[in-house]
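Okay, so chain A shows up in both of these, paired with chain B first and chain C after.
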Partner chain A sequence: MLRLAARRVGLAVPILVGVSIIVFLLMTILPGNAEAGLVPEDATPAQRAAIRDSLGLNDPLPVRYVAWLVEALRGDLGYSLQRRREVADLLVQAWGNTFVLAAVSAVLGITLGLLLGYVAGTRRGTLVDRVVSIVSLAGLSVPSFFVAIILLSIFAGGLKMFPSGGATFDEGPIAAIRSLVLPVASGSLITMAITARVTRAGIVDVLSADFVETLRAKGLSELEVRTHVLRNAISPVLTTSGVQIGALLGGSVLVETIFRWPGMGQLLYTAISSRDLVVVQGATLVIALTFVIINLMVDILQAAVDPRVRGAVA
Partner chain B sequence: MSTTTGVRERVESMSRGDSSSETMASLEVRDLITEFRGRRGHVRAVNGVSFTVPRGGVLAVIGESGSGKSAMLRSIIGINPPSTLIEGNILLQGKDLLKMSQRDRRRARGRDISMVFQDPLTALDPVYTVERQLVETIKKHHEGISNADARSRAIGLLELVQIPSPGARLKAYPSELSGGMRQRVVIAMAIAGRPQVILADEPTTALDVTVQARIVRLFRQIQREVDAGLVVVTHDLGVAAELADEVAVMYAGRFVEHGSATQVLTTPSHPYTEGLIEANVRAGQDRRPRAIPGAPPSLKRLPAGCAFAPRCAYAIADCWSAPAPIRDTATHHWSRCLLASNAATSS
Partner chain C sequence: MTQAVTPVLLHPGFGAGVPVEARARAAELRDEWDAADQNVDAQSFWKETGKRFLANKVGVAAAGVVLLLVVGAVFAPLITSADPLVGQPTDRLQNIGSPGHVLGTDEQGRDVWARVLYGGRLSLLAGFVPTVGAALIGTIIGVTSGMLRGVVGTILMRFMDVLYAFPAILLAIAVGSSLGPGLTNTIIAVTIVFIPPVARVAESATRRVVVQEFIEAAHLSGASGFRVARSQILPNVLNDIIVYSSGLVGVAMIIAASLSFLSLGSPPPVPEWGYMLNSLRGSLYTTPLVTLVPGFFIFLTSVAFNMASDALREAMDSRL
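Here is the complex of A and B:
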């Protein structure tokens, strides 16, 4: 198990290097280069060249990549001229906000999804099952920004029950929870829907497996049988949960923008619209890193619960 | 299928006393009816089956695919879908399983009566180790047993089913074992509660030919050792001949012939049994199974007369009008055929 974990971590390293190269190239290839903000509008070509030189922008690409990577590893992702802040500072703050939103949305969405999927799967063909299927299909087909707008106009606009936006953590726990309700509701819906569907499908599948009869025939109670069933059905749920958590931690641009939630999505959105490339670069790197780490954790967890996965890797 | 050749010779060479009348019945089934109820009609898979199996006795049930053999075993152990109608009596040491509370019935499962399924590849939970599955079963049937005791019992069981280095095998997942090994584990699980009756649904069909013979021998040995009654469903007449004291032949949800293994397999008195044996012998000769011509009747609407009449070479007009009566053809040997004990029995 430990060796498998080490192997997986080892596999993640080349992926991370690849990601960092792509993110680095992103900045050098795109127009509106890094020096743009530093060079006065009326600079002569000679002045431009001098500035580029002093920034090391005329060095060969590999040299610049290594220099950039070393800085990045030391936590220096550059300085945003537009925001007049260190990129790393901006990222820490935005990631923290997104993390709160993502964590609450993920826990809620996955828990509810598991519960609904379990109930539907074990009561296949009943009214409950059909209702869950319809709800989860709706959750999948309606885009979360649409849900966000609806929620916003009903609960923040019409009823004024919850604030319409912003993370208000410094105004005490009640305000914080109130400010989370609407973004979490719209953010967790898809996670819940996907988790419910995958869980239901897995449970229906496992319930028809032969070994379930063996379990019943040896006298296990229905609850004990279902523990076995859940253990067998959990693997695909882990996979989709990983993808969902990754997506949530990446920050939903639309949901965060609608609720003016100062997270990664919103940071990325404003950075792109103001051509703030250092921030785009830093944010992309952090999001990619998040995905790789989440996938790594899912892989290891999956191997821990499912020997078939372990066998396939080892 | 290698075990099917020379059925008659082997059966005749086997001397096995008919002890069913002396020993107390550990399983007695009376007029069992199993009907799967669906929106598109009811399927009467078992239509009035009665038999007894004494402690230590072995009954083999043979019959074509779809004759209701599995449905019968499932009804006895009680794992049919909830919508299934089950009638009759299933007496285990005198107590009727069908009259018990759900809870008592569940408790009897695995402890008093257990079941071995056809395919060991799929009969074990793939994500639990052999140890967890065995210990779980043992704990179910021995209240208050410690983990350590349950584990040593598990090792003991694996030894009993002749699995080499059982300590190491405990740590294995089913996928890490061969088909034969898995079936041994399944058998170990089936005897974990020291049941009085073991039901086995084609326990060797899914195995390699070479492994089949060994598992059959193991079955015989184990069943004697734990002194349980055994009901084994099989397509393989060789398996029936090797294991069984008695053989029952099932057709369209009914037993159509029942007697000692020797009697039924060497002097069959029902045309259907004859056909089964013919098919088996020919299968052994040219290595190609040849079925009885025609197909069994729909279990949704059974014919008024003998269910075998449409396929029977001996059928006479009377066969079509009323169900065939049960005719004794010898002591403890009967046949559900109008012509039984007449010219129909050519052997």
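Here is the complex of A and C:
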């Protein structure tokens, strides 16, 4: 098991390097991108060239990549002239807020999705099953920002039950939870729908397997049989959970913008609108790294739960 | 015994001295057989798939909705006379159902119904074109690396893995903001996001096919690698790719709308659903229902595409 974990970590390293190369290239490969926001619009070509030179932008790409990577590994992701702050400082603060939002949404959405999918899968063909199926198809097709806006118009606009935006962590736990409700709901509804769909499919599949018959014939109680079924159906659910957390992290750009949540997403949004590409680069890198690490953990967890996965890769 | 009787009865030379009723019965049987024969052959895979798809009511309804949306977008000028770009400042923020504006007006007094119709042009295009593009490029990459394996195949697929390591929407946003706003850039960004998953599907399907004997036979008969790919492998992997790609249109729509929501789509005032939703956000508390209109259309299109794709998958799966 430990060897498998080590192997997985080893496999993730080239992916991480690849991710960093892509993030670097995206922001440097197009002419003008690297110095965007650093050079005034009305600069003469000579001034532009001088600035490019002083920033080392005329060096060959591999040299610049290595220099950038070394700085990034030391925690220096550049300086945002527009924000007049170190990018790393901006990111640390925002990352914490996004982490809280994404983690709560993921835990809630996956738990509820598992429950719903289990109920629907074991009561196949009943009304509950149909309702869950329809809701999950809707969840698969609805953009998170649309859910966010609907919730906002109902619960912040019409009913005035929850604040329309912002994170209020320093005004006590009640205010903090109230500010979390709507953003968490917009994220977790979709996670819930997709998890329910996958769980249902898994349960239906496993229930028709021969070993269930054997377990019953052996005289196991229904509860024990269900435990076996759930354990066998959980693998695809774990796989989608990784993807779901990625969707939550990426989707945070939209949800956080709508709820003015001070996280990575909102940071990215303002940086995109002002073409503050150093911040876009830093935020993209950090979100992608988080996603790779989460997928790595999901992989290892999956192998821990499901011996078939272990056998296939070890 | 009865099994042997029927063919004899059907023999053209048969009949002399047989009662009239028996001959009539024989002719009837022959007609039935001919009819059954016609049912068996002359059915291509696509004809069969089309038939199964049409039998699925949900799928047909979903395809109908998609068709309606496309027709609405293409023939927008014939459906509404309102200008989607210029509004009447005195008519700002009219609610749904107000006279002259079925779906109300936006913050600049522009007719929302007209903007939804015209906006469908860019939004549908931005969902459809990247899916087709990614299906083509992904198939080429996947089939190539599935056939070659070795160094080239490994490098191609590892590169796909790296792209796959980004959350889809984040990759689209990063590419979009690197390229700058615009419809073409949105299409490029969304295409890039979908190439890796299609390539993976194509690669694993190719690997399954490439080990079979008829591929070896094709190689031995002197066919070039390209020819084997085109005439032997492609027909066998295409179904997997079509089924998978058709499920991507809905997601592509959502990602494209997200980019336009973040002002990375076509620059205003050209209407596009995602951007409309963002700009109407300011009037969420004055005219909440109008604000929800563009979001509803994104949702509707995406649901319709997903349902149609589910129905297509079921229709193409001959095991069902």
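Brief remarks follow.
The criterion applied here is as follows: the second predicted complex is superposed on the first by the 291 of 314 C-alpha atoms of A that agree within 3 Å, B and C clash if a C-alpha of one lies under 4 Å from a C-alpha of the other, contacts with A are read in each partner's own complex, and residues count from 1 in each chain.
Going forward, a contact is a pair of C-beta atoms (placed from the backbone, for glycine too) under 8 Å apart; a residue touches a chain by one contact, two chains touch by 3 or more.
Owing to the predicted nature of the structure, the values given are computational and were not obtained by experimental measurement.
By the document's definition of touching, neither partner reaches A:267: not chain B, not chain C. By the touch criterion defined above, A:277 lies against chain C but remains apart from chain B after alignment on the C-alpha atoms of chain A.
In the superposition on chain A, the chain among chain B and chain C reaching more residues of chain A is C.
Of the two partner chains placed by the overlay, only chain C lies in contact with A:157; chain B stays clear of it. When the two structures are aligned on the shared chain, A:190 is found in touch with neither chain B nor chain C. By the touch criterion defined above, A:149 reaches chain C but does not reach chain B.
When the two complexes are overlaid on their common chain A, residue A:211 makes contact with chain B while staying clear of chain C. When the two structures are aligned on the shared chain, A:291 is found in touch with chain C, with no touch to chain B. With both structures placed on the common chain, the touch criterion links A:230 to neither chain B nor chain C.
Contacts of chain A with chain B, set against its contacts with chain C after fitting on chain A, share not one residue. Contact residues of chain A toward chain C in the complex are 14-15, 18-19, 21-23, 26-27, 29-30, 33, 137-138, 140-143, 145-146, 149-150, 152-153, 157-158, 246-247, 249-251, 253-254, 257-258, 268-269, 272-273, 275, 277, 280, 284, 287-288, 291-292, 295.
Within the complex formed with chain A, the residues of chain C that make contact are 158-159, 161-163, 165-171, 173-175, 177-179, 250, 254, 257-258, 261-264, 277, 281, 284-285, 288, 291-292, 295-296, 298-299, 302-303, 305-307, 310.
For chain A in complex with chain B, the touching residues are 209-211, 213-221, 224, 228, 231-232, 305-308, 311. Across the complex, chain B meets chain A through its residues 77, 79, 106-111, 114-115, 117, 119, 122-129, 136-137, 140-141, 173, 175-176, 186, 189-190, 192-193.
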